[in-house]
Structures are given as structure tokens and as C-alpha cells.
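Pasting the structures in now, so scroll down.
Two complexes follow with chain A in common, the first pairing it with chain B and the second with chain C.
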Partner chain A sequence: MANSKNVNDRVTLEHSRLSGTVEEIERRFELSDAYVQRDSLGFVTVQRKDAVSLITHLRDYLGFSHLVMVTVVDVIEKGLLRLVYLLHNYSIGADLGVQVEIPRGEAPASAAEVSGSENGNGSKSIRPGHNGDTLLASGLTSGAEAAKPAYTEMDSIHHLWAQAATYQRELKEMYGINFPGSPRVDEEFALEGWKDVPPMRRDFDTLAYSESTFFPRPGRKTHDPVEYMKKNMYPDEPDGGTGA
Partner chain B sequence: MSEAKILNPEDEGTGGREAVGNAIRLANLDLPEEDRELYCDARPQPVKPYTGILEKFANWARANSLWILGFGTGCGAIELRPLMTSRFDMYRYGIQPRPTPRQSGVFIIGGYASVKTLKRIVRSYEQMQGPKFVLALGSCTINGGMYWDSYNTINRLDHYIPVDVYIAGCMPRPEALIAGFNKLKELIKAGKAEGANQYAENFDWYKANQKKVIRDWNMPDYNW
Partner chain C sequence: MYEVDTVVEPDIIDPAKLASGEERIDLDSEKFVKLWQGPNHPGVTGNMSLELILNGDTVVGCKTHVGYLHRGFEKLMERRRWIQNFPLVCRICVPEPDFNEYLYAAAVEELAGIEIPPRAKWLRTLTLEMARLASFLMWMGGQAGSFGMGTIGQWTVTHRDYVLDLFEELSGGRIYHMYIIPGGVRADLPAGYAERVEEVLEKVERLLAEIELILFNNAVFKGRAQGLGIIPREIIEEYGITGPNARAAGVARDIRKDQPYLVYDQLEFSVVTGEVSDAYNRARVRWQEMIQSVDLIRQILKKMPPEGDIHTMLPSVLHWKIPAGQTYLRAECTRGEYGYFVAADGTGYPRRVCVRGPSYTHAVALLEKLAVGTNISDIAGLMVSLHTYPPEVER
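Up next, the complex of A and B:
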């Protein structure tokens, strides 16, 4: 490359735009990890109990006024969910991701009972009004028992950014993380009438679910790409064109 | 797998065919009790064709006046826009879009249908007046396409509503759509596009399939 700056060079935290920010928050919060991916994007990992305080501090004192997104990674191998709050600072032009690891949690025993009893009596209330009322009532007392099982909980940040409520609603539906107190968090977001494991959890077998639910049309063939290429494109090469 | 095989229209003993024409009313059990009387509880009935030249004339007229329901249900809906433009000009074939199901005769399912959309598809299809026809675009409506193993996307559309013509592709181009329309015209003129009657005759089978995937069925059993 004629270009003097090699793009593969890792920017270090100390020389990035985020160095000041990370220095500042390290004095107040206990970070278990801090790194930058590029000059304008870095991540810090913080304890669950400090997360909302850190995000509030970033927003109110350090200029991270924009919530880009809230997402989660299902780290099933370690039995935890890694929440990522991505914040943007307009004055330094950089994103900072706040990572929080929370336990995945166990499927609540009540989940099966709830769906079973609804199927049994045959006259469930399905109007949104009815549903909402019962949810509200149960939400006040126990919190965890809603129409869809929530496996685990995290503090809501809807008071910092109103739009966070939408992300949190989606996270509850897709990953089973409850955010108590978040507006409309118990209402359905994209799935209607879902009673299974939250579909974005990695222990949910989407193929098996699809096959048992959606009437697969027979005759569908799937090729393993590696085997298919070995056979059809590189039959003469011992490594099958993989270069291994 | 095994569960899906139980519901097959070719099998003997499906309730759909036996119930044709009898006076069983729809129960609308999924509606709140006070709302049930507000909705129609009649089943759809098959319509007998006219005899001889009358039916031929009617079919010729139907084939030359295809009004599309303007409900873009998937990514393939984007291929309907160029059809209206001067380049493809679907109006020369007597095809035009209509805003409501009540005025439309052709329903184009534009590709993948999530369960949430399928609910609206069923509702819109039932509200259309017969004779009505369904064009299904793309591999997604045929066998799920690239969403075949998705938790929320149906695999084959013809288990939920009758499909007259499938147009393969991902996505099919406007030319393919016009070819599909011409095929549909042939079928209509030959008296073979009997989707609405098929739906009425196998109503229980279609309903069972629909209710199997649409878990929050909070609408009347027949949306008329």
C-alpha cells in the first residue's frame, strides 16, 4: 500500500479521541475492561450495579448526549447476556459502548403453566385492553409474571432517553430481559402471541421450530458450501480450494 | 414435521369438504363474548359457474379487468411500482391498483410473509369479493426462500390461502410479473382460477392451518 497510514494498525486507547473520557470515568467507576476498536469507537465494561450511573454521568457531564442503540449479545458459553449501550458524543465525534454483563437466567416455571391454562379454557382475553389490564395488575405485584416470560432483569434507562423504552420492549420480547418500570414494556412488540423461548436466544432452535410449525415444502436441498465447492469447483485440488 | 402432515387436503376425513353447504355457523370463539354478535357467522359458500357461453363471456371479462389490492406485503411489493410506470405500463393489460380489498380482485403477495403479516393477509383476502385471484411472488412464498428456517416467516403460502400463480425469483422482475399476469389470464379464461371456491370448499382446513401459526387470533373466523 502506498498509503502511509496502515489501516490495520490498532489505535491504542491512549491515543484515541476517547482517552480523556475513559480517563475521566475510570476515576469514578470500576471498569473491568476498556478498549478502542478505532479512533472514534471504544468500549468499556462495567458492573451491572454501576451501569445506569455511568451512563447518566456520560450523558450529563461528558457530552454523550445521543443514545445510538441498545443491544445485547447472547454469550451462551458463559451463561450471560452482554448488554451494549452505544452512546455518541457530538463534540469529540466518537462513540462509546457501555457493556454490561448480566446472567442469562433460567426459564421461569410459570411460563409453561400460563400458556397451558390459556389453551385449556379456550376463552382467553385477547383484546389489547383486556390483556393490558391483567399485565398491569400482575406487573405491580410480582413484575416477572407477564404474558411472555422474562428470564432476567436490568435497570431501565427510559428516564434518560425516552426512545430507550422501545429498545427495551424489543429486548424483552426477543431476549427475555425485563426492564421493570419501562413504559409499555409488557406489550407485544413485533411478535404476536409468542409463547416459546424468546427467539433471539441462542438456545432457541429456529429450524426445528420452523419445521414443526410452518409446513415445510418437501424437496428442499441444502448444500454445505465447503463440500459443494470442493466437489464442483476444485475437484483436483487436495485441499478443495480452501487453501488449508 | 409430523404435526404438519396431519393437515393435508388430499387426506381423507378432513372436515372441510364434508362441511360444504351445510348450516354450521362459525362460533367466533376467539372474540370476546359481547363482540361475537357483531360479526357475521356465515361460512363462505362456493359459487357455481354459469353455464356455457355465459361463463366464457364472464371469464373473458374477468381476465381483462384485474384490479390489484394495493397491499405490499413483502419486499416484492417494490416490483409493483415500475409496473405502473410508462416503461411497463400495466394499464394496457387492464390491470390497475385499488386501495381496498372490497374493490380488488387480485391479491399479490410480495414475497416473505411473517406471521404478523399473514394475519393481515388472511383478513384482506377474506374481505375481497369473489371471484378473486392470488399471485404469489418470489421463492419465499413457495418454500420460505432464504427465510425457510426463520421463527417468524411462513414457508408455503398455499397452506393458508389458495394461490393461483406462483412467480419464481428473488425478486421476480416486472417482466416476470407481467408473464405471471398473462398466465393468470389464461387460467381465468380456461375457468381454472377457482381459488375462492377452493377456499370455501376447504375452509376448515385453511382455518386450522391459519390458526396453527397465528397464535393471537382475535378476529372473526371469517372476516366478511
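Up next, the complex of A and C:
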């Protein structure tokens, strides 16, 4: 692009303020990837078995006391969900994103039984229909008591930060990742009575959902402007007021 | 008229017994009442409901319910081209849309390696500080209103409208400005704009002086807000508390100072802190930050380069393909740390955009904790004193 420069080329891990941190954690944990985006932001990738230990170590010994956010990137082409735990260290003014890749998992059997249909992407849809009758008939209940189907799971960090439970509750709803033991993880967060594929997954078909859930609104028709004006302005004149 | 034969005193449970598990909340015991507050509130709080369990007048349990404003912004952004998201992001936060515009634009610029002109940085800083002032004015009305002082709300909302007039003149929009665009800003300052900004700032200063007298020296406000919802300093990090909620507890952290972005390193200001983070001191910190914001706007208008480019030359926006990578950028908004995590996969669309709003923890985990032990009549005041805004929770 014009007037552009490659930001990533400017700082290397060794010369960033995260160099000491990464050096320290590399001695204790097996990192599959480590890089910096800029001087004050880096990312490391670890296996699931090391993730909570690494995050605990970063919090307790290396000053990464602020949990900025927990988020997920759906790497659907590799069949993975990449969790990103973003931690901030106030004393060095830097963020470290701890990345953990977990399998996307399959639709749980109880949910797949509900519909058994497949959507255009080949994944099972668990949509019960407009009123949820099928779902209720299958023994699941709607509302906060119904445990949301989990496709995969990850270890919880709610014991490290109280606010992590909220992120984990949201990720279960939006991505179908269970966090066993996390407080109120089965409760609804932003959605109400949602029984479909977790909506933030990339294979959730938004168009199909909206076409099957909402009715088309009247008045949204495209008219040919010439014919439309003739009909509305000169309804009694067969030539549409042109005199032809 | 009717006579009441007997007055049934509520069976008050010792909160310590509930905390220790000696007593438990059992709605069938007739000692507790479940009450839903919201999602519509008589204050400027946004749509969010609280499921409260009461024993007498005291809240013994609280659950926050969001979702009334969920519009799936993050999902929408994955299906739109990079530039198509520019008018979308501001809608995530009504009182303070400019932080979304700035952070999204800055993240795109970092991933694409775009450098913006110096004057655009000053103009961005100007709009962010004007947005801070507008947001605080709106909040001040809500805070006073939640304690029964509706007049202050009318004053502050009127003054917010003066700031919105300035935004309208600059960008064409009052609420959603769509001014900060990847590559720079959309328009330069109109002729005589600085003078009109100064007129509004003088009005706001007079208002803040009035508020000092009528709110902070008001016996009712003092009596109800002092000691309400105290945030202990030791839970600041456990709950991820940022912004005035943390600064009122004496935690001198401000992203504008600690990790200066745009031109904040060229401005003179100090971090406002308090000693005890209760509703009164949080209001006090915000009031001081409004005065600071007025000063910052004056500094910006004085120090800004008089002329220069406001936008970088870029290729056709519809054909942008951002190189693969991911970043996180943060800014100090009125409620605390506002951040954007953006992941690109080399295509014309974002792979993932995640918005980190400060209310995510303030309105859920923190509010649920602080509400316990609070009198029911103070719940609205407590909620506003945390400056919660639900849409940034549910996105």
C-alpha cells in the first residue's frame, strides 16, 4: 500500500521488552511458537496441558497480573479453535497473548439427535424449528437450566481471575467450548433459548438461520424505476404521460 | 383509608451466616424475595437486568443478565470487508462511539503497515477527548438522577448536546460520527471551529462549578454515595478493574500516560486518583477528569499543526487485503480500558474482531459482588457509579 511500512519487521523478539519473559518461560514450558507483533505485544503458543500452568506462572512470578481478555479465533480450515489469553504486565507495559489450539470437536450426540440434518457446510445443524418443540420433546429444557451442548473443552482459569468465569461462560455459548468447573458456565449469557450451532463458529450459516427464523418483511421490493413512475404518476395514460 | 392490623417484620438474616453457608438462600422459606430490576431503568444505564434476591431491604444475591442489545457485531464484522466495518464499529457504544472508530482504524493500520499524517493524529485525539467529555456529561446526569436529582441530568444532557453540536459540525453526525477512518480522518476542522469549541468549553466549565456546589456538597448525595459500593484495592486485578473505578482506589493507571497513543505524549496532564473507591469518590474522579479533558482539548487546539494532510493516500478501499497477523490495541475511555483484538488471514475480510469493553467485568463479575449487602434503593446508584454500558458486554 502507499505510504506503508511493514510494522512487523521493525521489532524482533530479542529486542522487544518481552524478550526476558519469553526467555524465562521457554526454560520451563514447551512453546511451539513465539513472536512479537510490536515492542509491547507478543504471542506464544503452548499445548493445552501446559496452558494453565504457564498462565499461572506468568501471573504469579512474571508480573502479568491483568487478564485483558480471553477470546477465540476459529481456524476452521485446520479443524482448530485458537484460544487467546491476553495478559498485561503493568510494570513493563507489555501484553503477552498465550495461544492454545484445541480441536473444534463434533456436535454432541444429544444435540445432533435433535435434528440430524446437515447444513450447506457439512456440519450438523441442531436447529429445533421455530418453537423448539422438537428440542423440548427430546427431554432438554429451555431457559437457564438447560446445559448448553459443548463441542469441545478447555481447562478453566476462573481460580486465577474472578472475571474469567464470564469470558468462559460466553465462550461456551458462542463457540461451544466447555470449561468444566467454571462457575455458572452452563447459564445463558447474551442469547436466550439458543439451541443451534454456537453462533460465532464460522460454520454457523447466518443466512440460512435468518431465512428460516425471520419472515421476509413487506415493502422491500425492487421496482423498475421507469415502470414504477409511469404507474404511479400517470395511471390513466397508457403511454405513461410521454405522449407517444 | 384502611388500617393495617399487624406489621410483619421481615426475618432478617445475618449476611455473615449467608456468606459462611450457615444460612442458605431458599425462596420457599418466605425470608427472601426475588426481584428483577431492569432491563429498562429510570436512568442512563443501558438495557441490562439484575436478578436480585432480597432479604428485607438488603440485597443478598445478584446476577447480571445481558443480551437485550445483542446484535452480533463481532459476527457481522467477519462477513464484511475491512472498510465496510468502519461505519459499523461506532454503533457498539452509543455514548462513546469514537473509541471504537479509533481502535478499529488503528488496528487495521498496524496490520496493514499504514502510517497516518501527524495532523490526523491530533484530530483523532481531539475527537476522543470531546467524546470523553460528552460521555461523562451523560453519565453525570445518570448518576445524579439515580439519587433523585433529576435537574442535574437535564443540565448535563443539555451540555452534552452542545458537544454533539460540535461533532455534527465536524462530521455530520451527532451520535455516530464515522469520523476516524483507516488512514486518517474524514474531514478537517471547519473555519472558526476552535472558537466555537472554546465557547462550549466555557459553558461546560461553568456547569462543572455548579455541579461541585450542588452535587458534591449535597447532603443527600454525600449520605447515600459515600461508602456505597467500595471496591477494595486488593480485588482490582482479580476483577480486571480499570479506569476511574480503579483510579478512585488510588491505583494510578491511565493508558494515556502508561502507554501513550496518538499525541498524548505531547500533552501535559496528570493521572487523577482518589483514596477509597466508593460511589462518591468515583464521581469525584470523573468530575476531575472532565475538568482535565477541557484542559486537554484546549492544549490540542493550541498545539495542533495549523495545516497538513488529514488522510494517507490509499488504494481502493474495496480491494484491500490485509496481511495475515493479529494485534491488540487499547485506549483509555471514560469507563476504563477499551480494546480491540483483530486477527487478519490475508483476505479482504477480518478473521476475527473481539471488542474488550471495560463493562465486561464492571457490569457482570464486579457488580454482582458489590451488590451483595447493598440496600435495594441504592442498587441503581451503584450500577451507575460503576459506569456500566451493556452493549460493550454483549457486542
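As a working rule, the second predicted complex is superposed on the first by the 173 of 244 C-alpha atoms of A that agree within 3 Å, B and C clash if a C-alpha of one lies under 4 Å from a C-alpha of the other, contacts with A are read in each partner's own complex, and residues count from 1 in each chain.
Everything that follows uses one rule, which is that a contact is a pair of C-beta atoms (placed from the backbone, for glycine too) under 8 Å apart; a residue touches a chain by one contact, two chains touch by 3 or more.
Quick caveat, the model's predicted, so the values are computed rather than measured.
Look at A:S53: by the touch rule set out above, it reaches neither chain B nor chain C.
Put simply, more of the residues of chain A are touched by C, taking chain B and chain C as the two choices. Once the two complexes are laid over each other on the shared chain, residue contacts for A:T206 go to chain B and to chain C alike.
In the superposition on chain A, A:W161 makes contact with chain C only, while chain B stays out of contact range. In the superposition on chain A, contact of A:T45 is made with neither chain B nor chain C.
By the touch criterion defined above, A:K195 reaches chain B but does not reach chain C. Within chain A, the residues touching chain B in one complex and chain C in the other are 188, 190-192, 199, 206.
Contacts from chain A toward chain B in the complex involve residues 122-123, 125-127, 130, 188, 190-196, 199, 204, 206-207, 209-217, 219-220. Against chain A, the residues of chain B that register as touching in their complex are 1, 3-4, 7, 29-30, 32-33, 115-116, 119, 142-144, 148-156, 159, 209, 212-218.
Those residues of chain A that touch chain C in the complex are listed here as 1-8, 37-38, 40-41, 43, 65-69, 71-74, 84, 86, 90, 93, 95, 97, 161-163, 165-167, 188-192, 199-200, 202, 206.
Within the complex formed with chain A, the residues of chain C that make contact are 66-67, 70, 72, 74-75, 78-79, 110-115, 235, 237-240, 253, 258-259, 312-315, 325-328, 330, 337, 339, 341, 343, 351-352, 354, 356, 360-361, 364-366, 369, 393-394.
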